[in-house]
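I'd like to ask some things about the structure below.
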Amino acid sequence: MNPAAFDLGIALLVVAIAAFVIFTRDAYAAVVAFVAYGLLVSLRWVMLHAVDVAMTEAAIGSGLTGVLLLGTAARLRDECADGPPARTGTGLRVVAGIVALTVTGLLVAAVVGFGETAPTLAPQAAAALPATGLGNPVTAVLIAYRATDTLLEKVVLVLALLGIWSLAADGAWGGRPGRKQRADPDGGLAYFARRLVPVGVLVGLYVFWVGANHPGGAFQGATILAAMWLLAMMAGLADVPSIREVRVRAVLVAGAAVFLAVGLALLGFGDGFLAYPPAFAKALIVGIEVAMTATVAVTLVLLIAGTPERKA
Amino acid sequence: MADFLLIAALVVLATMASGLVPILRNHGDAERMMAAQLLGTGGVAALLLGGVAAGVDAVLDVALILALLAAFAAIAFVKRGSDTEMPDDAPPADPGEP
Amino acid sequence: MNTLVTLASAGAIAAGLVFFVAGSAGLLRFPDTLTRLHALTKADNVGLGLIVLGLLPQVDGVLTGLKLIAIWALVLFGSAAVSQLIARASYRDRERR
Amino acid sequence: MPDTTQFGIASAVLIGLGIYGLIVSPQPLRKLLALNVIGTGAFLLFGIVARRGAAAGFGADPVPQALVITGIVVAFAATALAAALLLRLARVAGTTALDREAGAEGSSGGADETGIR
């Protein structure tokens, strides 16, 4: 028994569940299987020694995406009377099969044909690490080496949210997203949420904090915080904020704003856009990460909450 | 010992997979909700075994996240599958619904 | 590591696996939702507990060990609450039919 | 350099399955799932490049890892936007069937119920 056999076992399981997601007739079962799929994929990331990614996949790929699609599937089932889907024609199936096989074949050829030596930026990442004051190279790439990517990603998140909000009906603009959650305030769910949410918030902050030197960081921590807020909402302990609320809007842009402000300040007084001076690098990076964590957490919650539908 | 841990992880994965089969085949929402439960517990076990075997310490943090998010997903399953949520001013659910 | 400790550790993990297998067998064989739920939540959580117990001697440091136990406690608490909610939902499902 | 061929082949198969589902499945929600399967397959290919680049004491090259983390978050945002569009479509049109005629054919009672709403 060696690790390769273990990897092969997970690989077969992942492919089998992906096939179920694609081929099953029942949409709800497909979503449930997709949650399982995300979980196994995160196991795969651990085996690839990419623990930071494994955390992100477990939290977002499996957890939040699962909840989002589950909610969508349930509402579609309630709200529209689609019968069983029409069967796709044989011709289209054959063509799709040929396309899929061709792409797979080309990718397999590319993977098998990888050269003896692999290109890598790991030595450069390691060499520059002391200047950032960080110990986790992935966080260094995200916030320092390729900071512009991460900054633009914050903008993309806000744009996606604007797209979702803009689907609101005229009367609901400025209201609260989604349906009102009803739950018994003395019931089991509320009890559970009251106990679990504080623990979860603590874990979220911990994951964010260790991200400087060990696997973890702003995205992973923010996802956990978002999940805990959503849990409080599902238990009826909190309501989704109105999209008109100024505080919410301020937090939504805080990540990009702080990032940009630091970048411009360094452009004016330092060595260039987001070129951290080594003396303050760690402080600046942690400051940006705090703002980013808040922004990502609130954005994720509102992305799942969806389009405004009721009066504030 | 690492070999033993990896075999154990594979056994857990196999039981998870075999448990998933009836859950996905049986219709009925309560049945489906068990999937998150099964995957949460089994996933944490497989992750801990595989991680300790590979000597990746940070895997414990992944397991911690998984334990939290599995509980969260399971709650979402229960909420979506039952009638506890309704539109603000909608009439109560039709009792004749299948 | 001491041979005795290694043996005990392997024994605990093996016992944990037995519970996982039993849980899945119950899921496959039991006739209705409530009994299946019972097989799943009880057996798997004992299994995880035994596996955590077996892994304890194999990790370095007291803090890591405590984290292992915290993970188990979290899963246990989650299962307890969730299984209750699932059981209630299935009960309601049945009454509606 | 670790051997990652098996990982690569599995990822290629995932992408193939996703492409097939994206083209064939008649429901938009299923297409969204298929798109996410393609996404994870592509991310895993990045992971293989990262693992092959293990050097300087790191188990994997950090640059592709960071790209994938950003990618997962953006993919989630795109999925959320698509889901919101889908719900809006269902509300406006009463159905999410892409091919209207095929959708009506598949469900005889569907059209009546849409009329009531």
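Worth pointing out:
Read from first to last, the chains carry the letters A, B, C and D; within each, the first residue is number 1.
Here, a contact is a pair of C-beta atoms (placed from the backbone, for glycine too) under 8 Å apart; a residue touches a chain by one contact, two chains touch by 3 or more.
As the structure is a computational prediction, the values presented were derived from the model and not from experiment.
Using the mean of the Cα atoms as each chain's centre, the chain most removed from chain A is C. Comparing chain pairs A-D and A-B, the larger number of C-beta contacts belongs to A-D.
The centroid of the Cα atoms in chain B and the matching centroid in chain C are 12 Å apart. Computed centre separation for the pair chain A/chain B is 18 angstrom, with centres defined by C-alpha atoms.
With touch defined as above, residues shared between interfaces to two or more other chains in chain C number as follows: 74, 77-78, 81-82, 85. Residues of chain B found to touch two or more other chains are 23, 36, 56, 64, 68, 70-71, 75, 78, 81. Looking at chain A, one finds that residues 49, 73, 189, 192, 196, 199 touch two or more other chains.
Of all possible chain pairs, the ones that touch are A-B, A-C, A-D, B-C. On the chain A side of its complex with chain C, the touching residues are 188-189, 191-192, 195-196, 199.
By the touch criterion stated above, chain D contacts chain A in their complex at residues 1, 3-21, 23-27, 29-30, 32-34, 36-37, 40, 43-45, 47-63, 65-70, 72-74, 76-81, 83-88, 90-91, 93-97, 99, 102-103, 105-110, 113-114.
On chain B, the positions that touch chain A within their shared complex are 3, 6-7, 9-10, 13-14, 17, 20, 23-24, 27, 32, 35-36, 39, 43, 46-47, 50-51, 53-54, 56, 58-59, 61-62, 64-66, 68-73, 75-81, 84-88. In the complex of the two chains, the chain A residues touching chain B come out as 1-3, 5-6, 9-10, 13, 16-17, 20, 24, 26, 28-29, 32-33, 35-36, 39-40, 42-43, 46-47, 49, 51, 54-55, 58-59, 62-63, 66-67, 70-71, 73-74, 179-183, 189, 192-193, 196, 199-200, 203, 207, 210, 214-216, 220, 224, 227-228, 230-231, 234-235, 309-310. Interface of chain A with chain D (complex): residues 4, 7-8, 11, 14-15, 18-19, 21-23, 27, 30-31, 34, 37-38, 41, 44-45, 48-50, 52-53, 56-57, 60-61, 64-65, 68-69, 72-73, 75-76, 79-88, 92-93, 95-97, 99-101, 103-104, 107-108, 111-112, 114, 116-123, 125-127, 137-138, 140-142, 145-146, 149-150, 153, 156-157, 160-161, 163-164, 167, 219, 296, 299-300, 303-304, 306-307.
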